[in-house]
Amino acid sequence: MENIRYELLPEIAKLGHVALETTDLEKSLWFFEEVVGLEKTTTKDGVHYLRAWGDFEHHTLSIQEGPVARVHHIAWKAKRREDVRNFAVLLRKADVEVQEVKAGTEAGQGDAIRFQLPSGHNFEIYFDMEKPPAADPKRKSVLKNQTYKAWRKGISPRRIDHVNIGTNTDPAVLLDFLQEKLGFKMREYLKTPDDKVGAAWLSVTNLVHDIAVMAQPELPTSHEIHHLSYWSDNAQDILRAADILAENGITFTGPGKHGISQAMYLYVIDPGSGVRLELFSNGYLIFEPDWEPVEWKAEEMAVGFTFWGEQAGLSEQDRKTIPAGEPLKSAKKV
Amino acid sequence: MENIRYELLPEIAKLGHVALETTDLEKSLWFFEEVVGLEKTTTKDGVHYLRAWGDFEHHTLSIQEGPVARVHHIAWKAKRREDVRNFAVLLRKADVEVQEVKAGTEAGQGDAIRFQLPSGHNFEIYFDMEKPPAADPKRKSVLKNQTYKAWRKGISPRRIDHVNIGTNTDPAVLLDFLQEKLGFKMREYLKTPDDKVGAAWLSVTNLVHDIAVMAQPELPTSHEIHHLSYWSDNAQDILRAADILAENGITFTGPGKHGISQAMYLYVIDPGSGVRLELFSNGYLIFEPDWEPVEWKAEEMAVGFTFWGEQAGLSEQDRKTIPAGEPLKSAKKV
Amino acid sequence: MENIRYELLPEIAKLGHVALETTDLEKSLWFFEEVVGLEKTTTKDGVHYLRAWGDFEHHTLSIQEGPVARVHHIAWKAKRREDVRNFAVLLRKADVEVQEVKAGTEAGQGDAIRFQLPSGHNFEIYFDMEKPPAADPKRKSVLKNQTYKAWRKGISPRRIDHVNIGTNTDPAVLLDFLQEKLGFKMREYLKTPDDKVGAAWLSVTNLVHDIAVMAQPELPTSHEIHHLSYWSDNAQDILRAADILAENGITFTGPGKHGISQAMYLYVIDPGSGVRLELFSNGYLIFEPDWEPVEWKAEEMAVGFTFWGEQAGLSEQDRKTIPAGEPLKSAKKV
Amino acid sequence: MENIRYELLPEIAKLGHVALETTDLEKSLWFFEEVVGLEKTTTKDGVHYLRAWGDFEHHTLSIQEGPVARVHHIAWKAKRREDVRNFAVLLRKADVEVQEVKAGTEAGQGDAIRFQLPSGHNFEIYFDMEKPPAADPKRKSVLKNQTYKAWRKGISPRRIDHVNIGTNTDPAVLLDFLQEKLGFKMREYLKTPDDKVGAAWLSVTNLVHDIAVMAQPELPTSHEIHHLSYWSDNAQDILRAADILAENGITFTGPGKHGISQAMYLYVIDPGSGVRLELFSNGYLIFEPDWEPVEWKAEEMAVGFTFWGEQAGLSEQDRKTIPAGEPLKSAKKV
């Protein structure tokens, strides 16, 4: 009867947060707190910890001032506490340098590890994270399953959704790493004319993607971030977001609907850091364990990228990225 | 290094389908095909196999004529092919009678097993299921990740979502079985004044519930079904559904929003079989592996059941159920 | 060629504003400014002048403290400046007492007249009204045809829509007055079993109703107001309003959809004054000059009142009204 | 007391219908009936009479085969029966050639007149028009104030909204005619750098525009039509329309939101005739009799044309028009 129990590697449960460094803290905080409408959990050591009204963990975005705009790391929550340590063991066995991050280094967070993808993107894996209620009782939701009242200010998305990273190198190594070492499953991908994967959407959850990877030779480094994304419940909320952004004089791309992921989207750049935010709704979920990754050929990508609406990715602004890796001279050391 | 690999029991991946028997086949097909707008995959041996435009597998609802209206079984897709067999082994070890169902017994489906919950509800577990494209090319979506064009007729929900079952017995045994034997995780529950669980919402996916259990002493049997549910992308779609139902002279309860699950809902009864359908949107997802089940006390259930809108569960119609178990004199034997 | 020019009486162009007196000014201002999200134009002599982001005139709601909660008057904008004077002449000829109100009595408003309907409801007719831009440039819309940025706080409806008044007397006299003296056109009405008009929806604009009249013998006076209404662009906005109200612990009736007017509705009571507010979207417009008023028989009113959703008018709270006439001991004299 | 009654010219009440001639009748009918989802009232003498589910009059669009694609005439309903004759008198006095059209020439329509604007656009004015119920009782709405059930097929807009015409001549003469002779009021307009009106939005109703005029020297004639428009209740309905169009392989421009009119839009071309259809929701209403036309300078038109979303008017397809005037060799004589 030995075969009714399976052996499993350590696993990632979900995207946790994005640690952003900005050259204009005031502007980034205005953007994410007032325009987007994220709530602040706390500020500690110059780091501002934010989350959406429907996020449960301590933060899903941290922002601090830095000499250059970049994403310091992208953090993932492990499925079990011991997975953090076990990921460290497995990664080191694969000759990946792993840095241990003591509990409390980030507000609300327990012991964690940090390491670089083959592309140089900085990842963090943690398990323990406080789930504090709203500090201000007036902002607390009357719903026991919701952290803050919704709709208090700005666009007011529900929760963090995914990240989209870019690389100027062959993405095959990076995609192998994400799948083999970290357990991400391929959900949809772009097959290039020379039979390579040019872009890929992967997840560990029922979402179509917790992470997307875009390979673009013209990117400045091997470890860029194209956008992070927050999710709203209704397509109408994205139209309301468009009103709010336009009223605040902030240009954006969209609204539109991707064929891939079926997401209704709108892309807007934080005027402080230059990082792009995707405001996002609808889309589909994948429950099938025997999912066959959906292959999109180059000639199908018109529909794949833009089922309808204002096409993303055409303008120079749409292609702008900021780095998401390699230790820079920053307040925080990886 | 033995502890970096985990042992795991067989697992359920998702709700697969509901097998409905109706005393008025024509009316049930009119309701589910024309009013709700499900697509028919095929009809075989008097069984009509339906699915929504965003469902991938062969069917998520089957309907056939029977001497009494009931749900013949509720089917779940296992995570791995061998899980089907391994569930059988584990269930038999626990003295649960398991029936093997040969591939092809249900159209599109591979080998499966059927068994009864302690409450008498009939469950099926399968792994292999065809994922046929739309038979009629005109109905095929131009999107490679979507089965049919949306919005072809009727309410047009995207996909099956969950089932809600009821029992007139102590639900503790049933809930233990769902959690211990089948791996469902408790997400939210009602704690009764005598410190018991009066209702529970459980899932194996990121949804708040793939199954809900309501304990109500006044129910006719221990194995009732309160409703099955299909999901739409936007709250607006539920309002459109209300228009369509009202225009078809079909009464319903809602729209409203549950506190528990945060679902925007509308409940309507199939005039053929009497089974209730929940049309459902919004709600939240649970990605946290360390989720603490949300406890609702009796005095909090006004908000828990109805955050706003027309209150469900008040009228006699709202409490009507049909059985979902014990072999009856039917065309199909469990 | 004399017959190519028509003779016309003075005309009303639109509902202007509602002048509310509340026994709890702080609570009423919290409700209308913070929860509903109206903008304040100015405060003068203890009167707070509010309007929605899409209103153009100086105010559509004024609120002041008073010894009892009531609507001091309902104001209508005449189609031409001379209509104000000419309405006075015509009304006096019909033995209606007309009071002249000097420019500046209400902030932003020119010369006006006030008089009572046969039911005792206080009406005001004005023509000149300032259309000031947003005082705070930050709140000013970037759109040249919109007064304020939308979505700044609370429910954020676009504009005032209509009033609904009640009387415990025979409504025939009142309805004749509205039609014969003031030019309102009957759009829809309830025909009672004894062949009378029990309720009526009338307008001078393309809206189905600028004013509705409900005859209910059980009302405390002949001159009650059942609700005033603000309009939102999308049904989804009414659902968002439901979230906001529920989070603020404010109970309400709805959402639902009336058959009459086809309005998607939600009714909520100002906790300060007790006046009811209808948050309202969708519905239809009447462009036909040869419109035949739609007659609803008593037995059709289930659909007429509630096409779907939570039924309005059933509970004691739903029937509560406040007076809208007869000079009371108040800070402001009619 | 002579001055309490006003003299008034004949008046237009509303846009009635657009009479379209197509070179591919089958394709145009497929587009307007199946994709857009208009209902057919009747077919008579090769003319197909269509309307939306919320239109009351016999038809708002007629389609027939013709040697070239064009709009045969744009029809307006007069406010009073005698206005039809009186418009004829007034127009002839102004040396406009007026053609009398006998009752029954168009199905459902009474006596009418036809004439050309100075630009050559063909207009029709009628008063009497049947308002038949849905021929098929199954398609009849259960609502007494709605012609058909909504959402039966396709995009399913509620009603006709406006027309947008273009001319390659100086629009001043045309705009004077619309205002002086036909009573249209200027609502918004584009002031060109040389202090002329380059585009204008005018109405006789509370809508911002029943007709818009675009002056573009590059247009092929002085009497083009840029689009006709149908209205949907919710912005979400426009997104659903985008899904439906994309699934049918029909390209379109949008969704986006105009600054002028605040309309949420989507532009799509009938593949049969080449006429453009605007699917349209939201926007604002004008109730003010003392409305000051909103002036947009050339440098403000980026916001004026496109507040957000995919910009209309940029591509060659976006500028394509078909003629809407001068008698061609057609089945129907003006």
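For reference, chains read A, B, C and D in written order, and residue numbers begin at 1 within each chain.
Just so it is clear, contacts are C-beta pairs under 8 Å (C-beta built on N, C-alpha and C of every residue); 3 or more make two chains touch, one makes a residue touch a chain.
Per UniProt, the chains are A, B, C, D = Catechol 2,3-dioxygenase.
Since this is a predicted model, take the numbers as computed values, not measurements.
J.: Which neighbours do chain A (Catechol 2,3-dioxygenase) and chain D (Catechol 2,3-dioxygenase) have in common?
T.: Output, common partners of chain A (Catechol 2,3-dioxygenase) and chain D (Catechol 2,3-dioxygenase): B, C.
J.: Among B-D, A-C or A-D, whose interface repeats B-C's (more than half the contact pairs identical)?
T.: The same interface as B-C is formed by A-D.
J.: Where the CA atoms of chain B (Catechol 2,3-dioxygenase) average out and where those of chain D (Catechol 2,3-dioxygenase) average out, how many Å apart are those spots?
T.: Taking the average C-alpha coordinate of chain B (Catechol 2,3-dioxygenase) and of chain D (Catechol 2,3-dioxygenase), the gap between them is 48 Å.
J.: Averaging over Cα atoms per chain, report the distance between chain C (Catechol 2,3-dioxygenase) and chain D (Catechol 2,3-dioxygenase) in Å.
T.: Computed value for the inter-centroid distance: 32 Å.
J.: Considering chain A (Catechol 2,3-dioxygenase) alone, which of its residues make contact with at least two other chains?
T.: 142, 234-236, 243, 246, 303, 307
J.: What does chain C (Catechol 2,3-dioxygenase) use to touch chain B (Catechol 2,3-dioxygenase) in their complex?
T.: Going through chain C (Catechol 2,3-dioxygenase), the ones touching chain B (Catechol 2,3-dioxygenase) are 234-236, 239, 242-243, 245-246, 252, 254-257, 264, 303, 307-311.
J.: Help me check something: in the complex, which residues belonging to chain C (Catechol 2,3-dioxygenase) touch chain D (Catechol 2,3-dioxygenase)?
T.: Interface residues on the chain C (Catechol 2,3-dioxygenase) side: 1, 3-10, 13-15, 54, 56-57, 77-80, 82, 86, 89-90, 127, 131, 142-146, 158-159, 188, 205-208, 233-236, 259-262, 282, 284-285, 287-290, 294-296, 300, 303-304, 307.
J.: Across the complex, what residues on chain A (Catechol 2,3-dioxygenase) touch chain C (Catechol 2,3-dioxygenase)?
T.: Where chain A (Catechol 2,3-dioxygenase) meets chain C (Catechol 2,3-dioxygenase), its residues are 141-142, 149-151, 153, 234, 236, 240, 243-244, 246-247, 249.
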